[in-house]
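Multiple structures are listed underneath, in structure tokens.
In the two assemblies presented below, chain A is common to both, partnered first by chain B and then by chain C.
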Partner chain A sequence: MFTNRAEKLFIWVFFPLALLMPLLLDQNTYYVNKLATILILSIFVMSLDYLVGRCGLVTLGHALFYGLGGYLFVMLAPEYEAVNFWIYTFYVLAIASVVALIVGFIVLRTSGIYMIMITLALAQMCFYFFSDSTEFGGNDGVFIYVKPETHVFGLNLFDLDNPTHFYYLCLLSLFNCLLFFKLIMRSKFGRIVDAVQENPERTTALGYNVFHFRLASYVIASALGAYAGYLFALQYGFVNPSMLSWQTSGTALVMSILGGLGTLYGAILGTLVYEGLHYGFEHLTENWLLPMGVLIILMVLAFRHGLAGYLESLLEKRK
Partner chain B sequence: MSSNITLESGAPVATQAAHKPLSDTEVVLETEALCKYWGGLKALDDLSLQFRDRQLHGIVGPNGAGKSTLLNLLCGTYSPTRGRILHKGEAIESIKPYEFSRRGIGRGFQKTNIYPSATCLENCSIAAQRRVGGSFNIFRSRHSEKLLTEMAEQALEKVGLAHRRDAVASRISYGEQRQLEIATVLATAPCVLLLDEPMAGMGHEESQLIIQLLKTLKQDYCIVLVEHDMDAVFELSDQLTVMVDGQHLITDTVDQVRDDARVQIAYLGQGDEVI
Partner chain C sequence: MDITLFLFQLMNGVQYGLLLFLIASGLTLVFGVMGILNLAHGSMYMVGAYLAWYFTNTTGSFGMAAVISVIIALLLGILIERTLIIRLYRRNHLDQVLLTIGLIFVFNALQSLLWGNDPLGVAVPAWLDGAIPLTDMIEYPVYRLFVSGLCILIAIGMYLTINRTRLGMLIRAGESNRDMVECLGVDINRLYTLVFAAGVALAAIAGIVSAPMVSVVPGMGEHVLISCFVVVVIGGMGSIKGAFVGALMVGIVDTFSSIMLPQVSSMMIYILMAVVLLIRPKGLFAN
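Up next, the complex of A and B:
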């Protein structure tokens, strides 16, 4: 399934290392939490990477689903009662898919710059709706007082309040997410997704309804984006409108481009490096955005196909 | 120059051609008083043609005669302003563009239109998968189906590209890319092939290859060929239509068309015309 050498290398280094990380950090709560957030963000960025890099659908409103994942949980779950994690995961995925179907039906009628604008507009609408609403805490957002329990078939595998447990849940989710997207890309469905991206005109002429394939991809990516938002909400125990802001969409897009558009594993790479730089510069200077911005521009210019592309070219040379 | 011609011919030429039995094979595709206007511009005006099974129907005419417009209408890229398109007797002018291919109307483009980063086999597999189905299956590997691969290989074989099976499409020669494009259309199992200048930009040898290919293909398919290479068109066509300024001039056998005075005027101009 993983045919690319750089991809294989990355996966064999990243996942075992990530598996050992909580032990290496001696269960230091701060860092384990921080890394779990990066894993969650990687899921979000990967879903965006699939849309932008694999389907050619550039959206600036992917945060709509990230926020939706969080807010859906707050809306659905009773305030002072532990609900089942797995059942609510299903709810979030199902409802986000329905919302994505409707949103996709509208936004996919446009393309290019128009699609960027309309996705941005819809996400901003959602942002202002939640930041002005009194039921959902307005700008401050909502607290989640009780975290879900994870009983399944009488087994209690995880305790979501335990940072290390939560970290492993995120890692497992990320791994499954990557496997799922790889599965899609090597399937018969993936063949047409590739075809649609490379030459939509030809694909239509061969008798495929391009719109259906784009819509299906949009729903898949949006549902996984919502799942990431749901995990994020559970990790910190609150949701607020900033999850829906255009900065969230924009940052994810930068991470995805930095990692190498369309490579999927590059999404993890991009998120790691971005967050790593963020952490480093934040501790160096108060005005961390400036040097970091410059560095990212330089990196994007230097690595034409992102960090993943650079890794691939390195391996190519050594061959 | 062209307005003279239509005036000169007097009687509506379209009906004249339609009643003349040129062959007894089945009519698979037909247009009835087909019009396409872009605002005030009549790109195609009142065109009635019949395309028959296992025949190659050539369409020629000076630039701007409406040949490409006709092909775009026949494959659903444009929808007509007026008139009808009949496929085996059924009106299809209002169906969706992607449904044309499903009905067996396959199209080659004027500019080479393939998947450049995919291999030749993959190019044909994309096309063949439309026929095999399962395109929304996310669990089945794209390389797992023997039938699909066989169909794609057959299409490559038909156009003589079997030896290029695993070559990346962007790396093969221009002529081979044109062949590949025809192969992808064949892989959808069409009954009609609409080809827009398949020999454009080719050298003599490559052209000969395509001519031979079309000669073989026309034994099995209805082919509508728009082409500027007159020698090729004369050699291949069973029926030949000449169009001028969006209007139908004549449809007949090659010999009849070649001798027709109106055609000579359309292409060469009238003797007394001021240049």
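Up next, the complex of A and C:
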């Protein structure tokens, strides 16, 4: 399944290391939480990477679904009662898919630069909807007082109040997410999605409805984006409109490019490095945006294939 | 709502629309001629407002501050185009988006470094301070009339430049075929630098004249940028006429919805955009 050498290497290093991480950190709550957030963001970035890198659909409004995932839980779950995590995962995925179907129907009528602007504007619309609503706490957002329990067939796998347990849930989710996208890419559906990006006209000539494949991809990526937002909301116990802000979408885009667009595993790499730099810059200076901005500009100008591309060319040379 | 109040709000809406036009026209001009989507366009608006505040305080005169700020904005435009944008002409939209996001980060950081994060205010210059009474209760500020007038003058100036001058002819030619214009012996790079600097200056002018009307705060650029996107999407990307019509529509809808439908007012312009897109996916005046 993982044919590329760089990809194989990364996966064999990353996942075992990630498994051991809580032990290595001696279950230090702060760092385990921090890493869990990075895993959640990786899922979000990976879903965006699939959309932008694999389907050629550049969106600047992916945060719409990230926020939606969080707010859906707040809307659906009773306030003071523990609900079942798996059932609500299903709800979040299902409702986010329906929303993505409607949004996708509007935004996929356009392409290129138009799609960038429309996705941004629609996400912004939802941002204002939630930040103006008194029902959802406006700018302050909503607290989640009781975390869901994870009973399935009488088996309680994860205690979500325990950071280490939560971390492993995120790691499992990320691994499944990567596996899922890999399976998609290998299936007939994935081959056609590749063809659509390569040459939409020829794919149409072969008798495939390009719009349907784009819409299906959009729904898949958006639902997984919402799942990431749902995990994020559960981790910190609150949702607020900043999850839907354009900065969330923009940063995710930067992370996926930094990792290497369309490589999927690059999404993890990009998120790790970006968050690492963010952490480092933040400790150096209050104005961490300045070095980060300069770095992004340099990355676009000089580092065009991302970290995954760099890794691949390194391995290529050694062969 | 009686007729006076209606007219008063209409004037507000038109004034806001004209201001939006100023910013959106720069965005659409740069896209139409150069094929560049500049997300940092809103940052230029912010830079204009902060420069106006800074120079009003140092020189003591708003007029003086405005002139200095426009010159700085033009130079900034030239600098950004020559060093960064020039490398993007043959690249895809994604690279443009990323590089200009990087620019937003840099400008936001510089703003917080140089001027801090507290909201700042600029006083309306004395010679424009005052209000014209419409009825016993309602009066309209002179400064807002001045801003509307200025925006209309700039719009007319742009129209004449693009349609009646040799430079405008080159801009229109560059819009339809870059390579052909180059073959005819025109220095297209100089034209591009000029257009980009003009776009930056338009956004900065909007920021300068807004400074006395709104509070100068961090993040003001991003808010305006997204409204401009809505304008440009409604009007049709690259069309200045479209930007004009779109800006007035957005200005009026936004003003009236905040009075009549306050619960959903901040969403109204996006709903307007979605409706326009469903009918005409490329905007009202797409080429």
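To be clear about the criterion, the second predicted complex is superposed on the first by the 314 of 319 C-alpha atoms of A that agree within 3 Å, B and C clash if a C-alpha of one lies under 4 Å from a C-alpha of the other, contacts with A are read in each partner's own complex, and residues count from 1 in each chain.
Just so it is clear, a contact is a pair of C-beta atoms (placed from the backbone, for glycine too) under 8 Å apart; a residue touches a chain by one contact, two chains touch by 3 or more.
Please read these numbers as outputs of a predicted model, since none were measured by experiment.
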| item | value |
| --- | --- |
| Superposed partners chain B and chain C on chain A - clash or fit | fit |
| Larger contact residue set on chain A - chain B or chain C | C |
| First, second, both or neither for A:Leu206, with chain B first and chain C second | first |
| First, second, both or neither for A:Ala96, with chain B first and chain C second | neither |
| Superposition-derived angle with apex at the Cα centre of chain A and sides reaching chain B and chain C, degrees in steps of 10 | 80 |
| First (chain B), second (chain C), both or neither touched by A:Ala216 | first |
| Contacts of A:Leu183 with chain B and chain C, given as first, second, both or neither | first |
| First (chain B), second (chain C), both or neither touched by A:Arg191 | first |
| Lowest inter-chain C-alpha distance for chain C and chain B in the superposed arrangement, angstrom | 14 |
| Overlap of the chain B and chain C footprints on chain A, listed as residue numbers | none |
| Contact footprint of chain C on chain A as seen in their complex | 52, 58, 60, 106, 109-110, 112-114, 116-118, 120-122, 124-125, 128-129, 132, 246, 250, 253-254, 257, 261, 287-290, 292-297, 299-301 |
| Chain C - residues contacting chain A, complex | 31, 37, 84, 87, 93-95, 97-99, 101-110, 112-113, 222, 226, 229-230, 232-233, 237, 263-264, 266-267, 270-271, 273-274, 277-278, 281-282 |
| Residues on chain A engaged by chain B in the complex (per definition of touch) | 183-184, 186-192, 194-195, 198-199, 201-210, 212-213, 216 |
| Of all residues in chain B, those that touch chain A in their complex | 75, 96-102, 106-107, 109, 113-118, 122, 125-127, 129-130, 134-143, 145, 184-185, 188 |
